[in-house]
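As structure tokens, here come the structures.
Two complexes, one shared chain (chain A), two partners (chain B, chain C).
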Partner chain A sequence: MADPIFIERLPAAGHEWIDRDQRLCFSFEGRRYGAYAGDTISSALWGNGVRLLGRSFKYHRPRGVYSMCAHDANVMLENGETLNIRGDTTLVEDGMDLTAVNTVGSLRYDLAGLTDRMSGFLPVGFYYKAFHTPNWMFPNWERMIRDIAGLGKVNPAAEWKPSPKGYDACDVLIVGGGPSGMAAALAAGRAGSRVVLVEDTRCLGGSLCYAGATAPESVATINSMRDEIAKLENVEVRLNTSVRGCYSENWLAMIGPGGMTKMRATAVVVATGAYEQPAVFRHNDLPGVMLGTAAQRLAHLYRVKPMQRALVLLGNDYGYGVALDLKAAGVEVAAVVDLRETIGKGELVHDVKTAGIEILAGQCVYEAHPAGGLRGIKGARVCPVNSDGTCISTTGINVNCDGIVMATGWAPAGDLIGQAGGRLNYVQDAAQFRPDELPPGMFAAGRVNGVFGVDARVEDGGQAGGQAAAFAVGKELPARRRPTDEIIAPSHPYPIVKHPKGKAFVDLDEDVQIKDIVNAAKEGYDSAELVKRYTTVGMGPSQGKISNLNSSRILAKATGQTIGAVGYTTFRPFTQPTTIGELAGRRFHPDRRTPIHSRHQAAGAVFMHAGAWLRPEYYGPRVRHQAIVHEVQAVRHSAGIIDVGTLGKIDVCGADAAEFLERMYTGRFSDLTLGRCRYALMCDESGVVIDDGMSARLGDDRFYVTTTSSGSAAIVREMKRWAMIWGLEVTIIDHTGQFGALNLAGPESRNILGRLTDLDISAGGFEYLGFREAVVAGVNCRLMRVGFVGELGYELHVPAQHAAALWDAVIEAGQPEGIIPFGVEAQRLLRMEKGHQIIGQDTDGLTTPLEAGLAWAVKMTKPFFIGQRSLKIVEPRPNVRALAGFVMHDSTVMPSECHLVVDGDEICGRVTSIARSPTLGHVIGMAYMRPDQTTPGTVIDIRVEGRLVQAEVAKLPFFDPSNERQKS
Partner chain B sequence: MSTTAFRTSPLHSELEQLSPTWTMVAGMQAASCLGDNEMHLLETVALCDLSFLPRLGLNGPGVTGWLQTQDIEVPAAMYELATLSDGSSVVRIGTNEVIIEGVPGAGTIDKLTAALATDVKDVFNVTRNEASLALAGPAAADVLAQTCSVLVRDLLEQALVYTRVAGVSAAVFQQELNGCNCVRLVFDPSYGIYMWRELLKIIAEYGGGAVGFACLFPESQ
Partner chain C sequence: MKIMTCPVNGPRPLQEFVYGGDVTEMPCPDQVTDEQWAAYVFERDGAPGPHKEWWYHAPSGVWFIAERDTGTDEISNTYLYNG
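Moving on, here comes the complex of A and B:
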């Protein structure tokens, strides 16, 4: 490949941001270019003579450098898997392989550029009117629009790279490292506050870094303030960091080199400066037309000559400084076009006159003259203009130039103020918005506050910093006065010139033109918010920072309102495009493991997520179905062991423990005797089943209850809440994570357990639903004789750090019987054979115990329990559904959970659990159905993928109806 | 049968992969050393499993009074930590709730556990089998800041806070161990492996890694 193109820059200057000792090489649209370290992509390309950097979103018009400060939304690039890189602010990296997004074919020959020629047929809002008739065409339109729209294509297979997120806090956060921000940092720092000063570029100084002739004292000012800040240990400077969002209580989201920081500041100084605003005229979007500050950035920071021959269009004295900067950079300034009829008498104006630059006062740029198929400009027509943007004559004069530089005014960078709930008011004299009301703890300083002179900005920042420091420590705020500012009206009130042929762009992101705003007003969209929605002005990546003010001006004129009445659109985070990766951060998704997890891994478990828990679904190496059948058969014929450490495990202690549980659960506890356990069912206030488990009495004032795995946290929370409300003497101790638990089940389980404990576990010594505390395998255990899976079984609960040892001991002791671990799926099948419900699977958010067949667990005669009042209301009424079992002898088509039980056109219920029982040899299930359908033998219809299959209602439990096995 | 089984750290399987030197402490195999590089890691940031430290939870209206009879003064303020004469720590986490954490060689917890064997009115023994980690080294604050909204500089001496670390509820406090400032994290053991892995990922970006407990408790060797 050929050597990269490398065009030399302007002579080195002390304040430049490029490192001429480090040359980099990158490619753009298949062509290699050279760059210096410190170059942005746009500055490097512009420095190499490349003028076509991107295409616009809608009309695919050629675009070049415009702002050089993160608003060049049409210069979006792709580098491998990284999309939407902003060329104006992203630094060149060696080896980058860049292509422009949003092109069809190539950037230079973009086939979608045809839309520009058809733009007359594609005004804003046409999509609202065009694509809904006829209805059948809409999907096609939608597909086409989706294909065309979007910037870049996401590669779903791209490697995930974590973007860190961090937390931080400070007394005073200062947003913006310009003169006012630095002054604020110094004032707050001297007052002893812990200050964080955030600057989104690579060095402090703000606009003074490229001020040139507009602020000749800038270098000295910056250096002295930087030196003093560096000496303050309590002031931390964060460069290349931008504050993207401001939320309540001064909680700010900042993006920097280390990812996102969530900063909590006691006080915030907003010293974010101002966005320079463009003029609007025909072809004001083409490469070569740029803001004055963009030209200054190119010339001063990157030492790139912005153009060869410039026409400077200005509406304030600042523009004269820009003209001088251009001349100093070797640009031939063809003329200065001052929109004002009366030009200023300041020093800059004098210097321009002295430099021999022609000044055309009371004139405007009526249109730019395109060159090279819109890929640049070759001149402009200058015409006389009124202050309201009306051309007095359109004949004017033609001026040859390859660049038009606009310096017509500013809009405050007040995004954070707006996000925090502050208000901006339009100040007629200054022709711009200024902060009016600020939320507590937020202070504005500098150009965002409408203060433009360098000395005035420093003074304003110092005052704001002093106030912020006082606020941070709760002191009375020192008085503040507005500094005397030498620049009275830095913005032209209407730098907008209509052209009968259009293509005068208000918003370059979305290709919104003057006529679009006017048409929107004619259609009745008379507020800034409505016009934004209708025209999409301000909805592009730069979020209206260089378009909203002009849009409001046009709307105000079109509707006869004041700009203040038209207002501005709502400021919402983020202030700059922020990647999903930055928002996602490291993606913390906690998962829980039981203390026996490593044993399951060793046994070949295939894990499943059960809420946050990782649980063995089944154990390999058998395939899923075979493994489940194998595990079920082991439990039915010999012994199996399952980890039930995920269950909620709670101690309820205190003198009122029994009374408390009587109120929390539907059953009785006061008569629960020591050494016994009992099923416990919990409802909410509406009588809906929310949880179940086992309860055991450990002592007169101490109970142990278990909850479902997914419900434990909520149940503990509810218990603590009710304990406080009722004022009972009760202590809730959550052992859920602190205890491991396992269930040993099967006809051989007694023999196995007997080898590990001295406890009398004979049928008479430890009967069904008994509870004991004893040492098992050298571990203090809580034992419950329960039968969830319908077999003789023991649930053993132990401190988590002993659970693995107990598991190992049980497995070893059960070797003669061939004990194996069984997983969640086998347990589900076993319990279904026994007709035991799982709360949350066989119940839903409306199920009462009366419908779920759990009325036996509800003691309505108690004085009170949660949900009792509701159940008393529904109890006399007939159930509308009931849970019942069913069997299927022909299971050619097998329903799934949630398939509907129907009767003709009526939906009667749904399947809640279904599986093929290896024990019974046919499909069994449970379903909600009409109560009259629950009679065993009734045939019900279940709708499966549009067809009906038949099942026969059967009595529960399907297996061991006399419960002999679990009670044995 | 008597209680003879060993305790297992919730991080045992993770530590085992690091080929540790195991040392039995308070009935648990604890990783005392994970390699020769440990002192170097402590100069940046290191993660150490301290789940072997015995802990005793006490709950109930009689706790403070009963502990006084055992010559243990419970801090009056909530979440205040006090160090006992044998190096154990005691913290009040509720009006009637106290946690005591031992150190290798200390006898307080054994003594209290024995005393609790006889029924003590209004005092309930609460099993405390948490996972316990130490983040040690100068970059510990940065690692914590990436996972938790409570910053190290907000942690007062001799006090703990309950907060969320990497999405997990945890007690966080500062402790100096062997002259090294540590951020201690104590949390539900079921999150142990998750937390260990997440923290190690972040720590690795700082050039840190896992260490055994001996560099923080050298006298226990």
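Moving on, here comes the complex of A and C:
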């Protein structure tokens, strides 16, 4: 294989981020390149003369280095495993094999690049306009757009990597390790706060790391502040860590080398700096056009010469420093184009003049001249301009250059402030937004606060740190004074020049141009939020970091509003692209297990989730259907046992216990005698059925009630609330987790139980719906004679620690009868044969007891119960639907739950339960239908996947209508 | 993650609490018209602003009332119900 391409860098400098002793080798688009350790992918490629680093999302235009810090999304790569690797900030690793994400074919010969020439046919809002007519074409358009527009290909076989999460807390969290952040850390640290200082690059210093001529003392400043911070034990510095979101009450999510940390900070100092903003002109997106700070980063941090011959377009004095940096990096500076008519008198301007660089004041770059099929630039046309971006003449002069460096202004990196509910206001004389109202405990410092000079930033940070430390201990905040700043207006108010041929890009991620925003305004989208949605400006991976401000400027001009009135779009998490992998948890699914779980496992149970509970669906080794039939037959012919420990189990005690149940449940309980239990149905205040269970009387002032498995927590909660509101003397004790329960059912169950207890369980001694407390298999037990599955049966409730032993004892005692455990599916089938409803399956969020066939359980003559008043309104009206049973003798096409019962065009109801009954030998089910359809023998239509199948309405229950079996 | 102050247990993370709806006193069922009853059951003012809400501290089973501005999500006061 050929040697990797490697071009040597500028001479070593003390502050560079590359380690020249370590050479690495990596591939990009099939070619091999050399790099130094510490290089990012973008710096290594640019350093090796590669100018085409990516393609844009919509028009597939060639793109190169733009911000050099991932404020743009030009350089996004994949390696076969990970997608959307950000080239600007991802370190080169030896052996990396990378390709660009948004290409068809290859990056160099991208077939989809044709869309650029067709861009005239793709106007703003084209998604909304073009692809919905005719409607039936939309799925085809969608497929085509998705094929072209995807950013990378997901590899489903990629290895799963854990993404750890942690929790942490501190007094003062400082976001951003530049001069203001470091000063804040020192101030808060010296005041005794526990401080965490978070910096998203590899070292402290922020913009001072690459400030060059704009701040000649910067390296010394960083070093001395860093040394001071190191002396403070209560200040922890976290590098390579970025704060991705700020949530309620200073709870922040940050991602660093160790995964995600959820940090609760008492006070937060936002020292996140500023995003440098591009100028907008024709072809301002092509490789070679870049931000001033991008050129500085290349030159100072990676010692890469950004270009050979540069044109510097600027709107502030900072840009003069950039021009000097370029010259120092060996770049020939063709000219400095100053958008301002009157140039400053600062030192930097003076130095530029002294260096013999030509200054063109009151001029703009009207257009860049593309080179080599848009893969770079070969020059620019410079024209005189007014301060509002209007060109006085477009003849201008042509300047040859292979790079245009833009230093026209900033926008505050105020994302966290916005997310926390703070506000930014447009400050006219600084031509930018500045934090105005900050939420309690949040403080801003440095460039995000509109303070630009290095000394001023240090002073501002110190003040913010002092305030944060005071806030953290609840002291009065020291006063804040805005530092005197050296650079007063670092932003140009309108660095935007339109061109009749367009291709002047506001948003590089989404290829949004000036005219798109102007057209959106003309079509009536006159606020920042609307324009964002219509044009997609700011919706790309960089979330408007370098496009929102210019978009607002253009919109303000087009609609005659001030920028302050146009505003900015809502800041939402995340501040930086965050992968699903970084967010993904450990699939932590807490399961509730009953105390008999191990017995089910040993018996080969196949488990299902029922809410949080794990319950046996059926028991192996038989296949599902056969197992269920086998279990049903055991219960019908001999005996079965099921774990019902998931039911809610509540003691209701106190002098008013009976009165309380009268109010909570629809039935009557004051007349329930000792040793009896009764079905209990609960409605909400609108009269809708919400829960059911059994209620047994333990004593004069003591009841034991059960609830559905899924409803237990909510029912306990509601009981406690009403008990409090009504002021009744009643105590609610939730035994749900403390008691195990099992149901022994089947014609042989009395014989089996009799071997385990001295209690008189004869038909006369322990009658149907009786309740006893007795010793069973040596365990104190609550017994209820219930018949949910329609057979003689006993529900046994015991303290959880004895449940497994009781289960074992019952199974052993039942060996002669061949007792087997049965699962939830068999139970569902058994109860359906018996016509018993399951609340939540055979009812929904609108079902009244009157519709569900439960009117018998509702005592409307009681003085009060929850839902009674609503039912009184509903009762006189005819029901809209009613629950009824049906059978199907021909079941070649079997409906499923929720298939609709229809009559012609009318939807009458839906199937709620359906199964083939092993006992009856045909399909049975329950469904809602029109009340007039519920007469047994009526034929109803059920729609199954577009076909109609017929079922015959049948009387409930399907099995043992005289209840002989359960009462025996 | 928000912190809420339970009147019994002090400041606790929001995950420990369950929202229980707006505090609306039940009218006497016998003395209201059907329309008034329906209004009590179904109509709640959801406009952002100060609201009185039921909250439940699930681990300890404590119901209490929180005065919360649903526009700003500021909880100004929490206290136990007293008839």
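The definition used in the following text is that the second predicted complex is superposed on the first by the 864 of 968 C-alpha atoms of A that agree within 3 Å, B and C clash if a C-alpha of one lies under 4 Å from a C-alpha of the other, contacts with A are read in each partner's own complex, and residues count from 1 in each chain.
FYI, a residue touches a chain if its C-beta (ideal position, glycine included) is under 8 Å from a C-beta of that chain, and two chains touch if they have at least 3 such contacts.
As the structure is a prediction and not an experimental result, all values here were calculated from the model.
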item: Chain B versus chain C as contact partner of A:Glu812, first or second or both or neither; value: neither
item: Touching partner for A:Lys262 - first (chain B), second (chain C), both, neither; value: both
item: Of chain B and chain C, the chain that contacts the larger number of chain A residues; value: B
item: Which superposed partner A:Glu347 touches (first chain B, second chain C, both, neither); value: neither
item: Which superposed partner A:Ser248 touches (first chain B, second chain C, both, neither); value: second
item: Which superposed partner A:Ala804 touches (first chain B, second chain C, both, neither); value: first
item: Contacts of A:Ser686 with chain B and chain C, given as first, second, both or neither; value: second
item: Partner chain(s) touched by A:Arg702 [first = chain B, second = chain C, both, neither]; value: first
item: Touched partner set for A:Met724, first chain B, second chain C, both or neither; value: second
item: Set of chain A residues, in rising order, touched by both chain B and chain C; value: 262, 264
item: In the complex, chain A residues that touch chain C; value: 247-249, 251, 262, 264, 421, 685-686, 713, 716-717, 720-721, 724-725, 727, 734, 864, 868-870, 873
item: In the complex, chain B residues that touch chain A; value: 1-10, 12-13, 28, 51, 57, 59-61, 96, 124, 126-130, 142, 145-151, 154, 166-168, 188-195, 198, 201-202, 205
item: Partner chain B, residues of chain A touching it in the complex; value: 162, 164-169, 262, 264, 586, 588-595, 597-598, 601, 613, 645, 651, 653-654, 702, 729, 731, 733, 735-739, 756-758, 775-780, 799-806, 809
item: Complex interface listing, chain C residues touching chain A; value: 1-3, 18, 20, 26, 29, 32, 34, 37-38, 40-42, 54, 56, 58, 61, 63, 72-73, 81, 83
